[in-house]
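So, here come the structures, one by one.
Note that chain A is present in both complexes that follow, paired respectively with chain B and with chain C.
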Partner chain A sequence: MASTPGIPVIAIIGKQNNPIYIYNSRLPLPSTSLTTSLDLHLLLHSTLDVFEARLPQKTADQDFGLLFAIDERLAAYGWMTNTGVKFVVIVDQGFNSSSALSTRGGGLGGAIREADLKPVFKSIHTEYIKLISNPFYDHESKEMVKSKKFSAALEKIAETGIPGVY
Partner chain B sequence: MSFEAPLPPYNFTDPTATFFSASCIDLLLIELVPLVQRMAESAPSLDYPIPTSYSNKLNEIENLPSTPTTPGPNTNTNSTITTTTTTTTTATTATAAEPPTDEDTAREDLFNRLESLGYKVGIGLVERFSRDRSRFTDNLDVIKFLCKDIWHLVFRKQIDNLKTNHRGVYVLTDQFFRPLLRMSSSSGVPAATKAAPFLQFPCGVIRGALSAMGVNAQVSAETPGLPGAVFQITTVNKTPSS
Partner chain C sequence: MSSTSRARLGEEVWKLRTDKINAELVTLTYGSVVAQLCKDLDGDYVEVNKQLDKMGYNIGLRLIEDFLAKSNMQQKCANFRDTADVISKVGFKMFLNITPTIANWSSDNKQFSLLFDENPLADFVELPDDGKAQSELWYSNMLCGVIRGALEMVQMSVDAHFVSDVLRGNDTTEMRINLIRYIEDEMPQDDE
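The block that comes next holds the complex of A and B.
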């Protein structure tokens, strides 16, 4: 597990910056700065500023790439759909990040290219579309989503991890 | 869902893409109005509780088939007849008790129901079909997407004419509007009133689509002559808030 870049957190944030769904698998993450759910919420709040700051320059696509690095292991990547819904994926590069740093010689995030996250975000988007296509889904609701199917789908995405990176 | 198979790479991102007969949606859109009308008649509004007398009668009817004296099919027909009569009586008593605007409120209720159905459809459509599109830059871009892509998805043609005063009002004209295509009427004036409920669902689709793209708008529709429809969109805010 530790050798593969994993996805410990997937967050779906609505148009009005309301949390729609937050998936976190292995909180608290040992030896990182992400230990409590309060840390996680603070972190997700701070991603919103990055989205807002970059929005004027983003005219072409929906991929916001690396939002910021959290520490040596974790980094936050973002995606905003045309309808203003934001997806945030936190990537855990595990213990091999030091070796990745040495081989690639890059800074943090050197082991993962931004394009690697695209299929992950696409599948999250597909699941989100399935969720809101449910006729019983309440678009006006301010509550977080409690859908077993959606949770299971996101869990599967998180467990699959980033295809092509190992 | 879509009418025509999109270009080959659609399977790459969308394993759930499905296709359906074009007549299906025509029939559905036509049948939707009488269906909602019947729903509005039988349960006046979802917000209000069902009147106790009515629910009591419903209970009686549910209990009816359990009486062993009469044979099964007969009781069934009896019960259905009683349901229809009770609904009509309650409806007539309601109209008698209330001021003459009751018909208007019923019509408004019907319109609201149809519109809110369309609203949800519009939101879903945009989420699904704006996925692989570039970001919308301004309101006109959003309206163009609506006229070209969404209209083509739902009604299999693009809007014929788009006019704007550049101050947030857009007028969309469709000369041969799909849901009205098979309608005809002997005289001119009642046709517009009769066709009005059939325009509410599309209005809702437009409003839902726009609100999903961050444009709050009011949408109204009318038909100048039968297969044609004119939609007026009045946007509330100036820029998309996406």
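The block that comes next holds the complex of A and C.
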């Protein structure tokens, strides 16, 4: 049975590791360790270590692939632009299909390939560019982004999920 | 000259006789002008509108010359309806590659609206959420000044202002243009 793995969380993190925007659709996620927004922040903090650890080996490619698996259902994927802005997407493979793991026969992070996330990150990147092209956007601000357009766009990306994955 | 041939003329000038520039560059340049004005004037958006209009006016005074040279308009517009048609189909087409819709003529044929389906100046823009900008700032107000300045150079005194803007949450972006009078003789220019 075909199903689309869901994207419950998209986070944009700035160059200084400051949170720029965190989209989360449905906390608490059932039967996972991710239940409160505090858990989420903690988790996002830990992704930063992975970014930093892998940075020395990176070439110009911006895709960091699977950062780590959180539990049987959730996994965090990362992307960092060459300006140091990081995108983190948390994928819920149990969403919509309890058999997603078994049909693909993969273990953790096996049900979807890293390349599947590329279009998702690409569209996040596009939206981010639109956001910062707004002349009224304050680049020095340490506050989280409140743009309604941007929230709506991210919500749409999250709802679309990862196209073409069973 | 018929309306369709004007559309063709606009298309031709845009294709053959216009130097193009990257759209993002224009958008970002205009955006930083507006944003800087807002900052310098401390969020006095009424004054920002005025300054934008003034800048546009000064652009219009010069741009009309370029417009006449490139478009090779052979004959004068017979009436204000013609003028509106040329502004939309040739003017906006050749400078911004858009063709705003002409609508809402007043019964005396002296007032009309330009409806902007797209506005290259306002791509990416989201007005600041300070409770004032949404009701006071006309982001693209420079366009009003351009039209006012350009028409003044061809003996038409007009008033142009925006009445709605999608950036404010309106359904359309509408500019109202009102012909005040035809300037008969060469008059000393309004020193602005």
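By our rule, the second predicted complex is superposed on the first by the 151 of 166 C-alpha atoms of A that agree within 3 Å, B and C clash if a C-alpha of one lies under 4 Å from a C-alpha of the other, contacts with A are read in each partner's own complex, and residues count from 1 in each chain.
Definition applied: contacts are C-beta pairs under 8 Å (C-beta built on N, C-alpha and C of every residue); 3 or more make two chains touch, one makes a residue touch a chain.
All figures in this text were calculated on a predicted structure; none of them were measured in a lab.
Look at A:Q62: by the touch rule set out above, it reaches chain B but stays clear of chain C. In the superposed model, A:K130 lies in contact with both chain B and chain C.
Residue contacts after overlaying the shared chain place A:N82 against chain B, while chain C stays out of touching range. Measured by the number of chain A residues touched, the leading partner among chain B and chain C is B.
When the shared chain is aligned, chain C comes close enough to touch A:S147, but chain B does not.
In the superposed model, A:K15 makes contact with chain B only, not with chain C. Residue contacts after overlaying the shared chain place A:R113 against neither chain B nor chain C.
Applying the stated contact rule after C-alpha superposition, one finds that A:K122 touches chain B and leaves chain C untouched. The interface of chain A with chain B overlaps its interface with chain C at residues 130, 133, 135. Against chain C, the residues of chain A that register as touching in their complex are 130-131, 133-136, 146-149. Only residues 15, 55, 58-62, 80-85, 122, 125-126, 128-130, 132-133, 135, 139 of chain A touch chain B when the two sit together in their complex. On the side of chain B, the complex with chain A involves touching residues 13-16, 120, 123-124, 126-128, 130-131, 133-137, 212-214, 241-242. Contact residues of chain C toward chain A in the complex are 24, 27-28, 30-32, 34-35, 38, 123-129.
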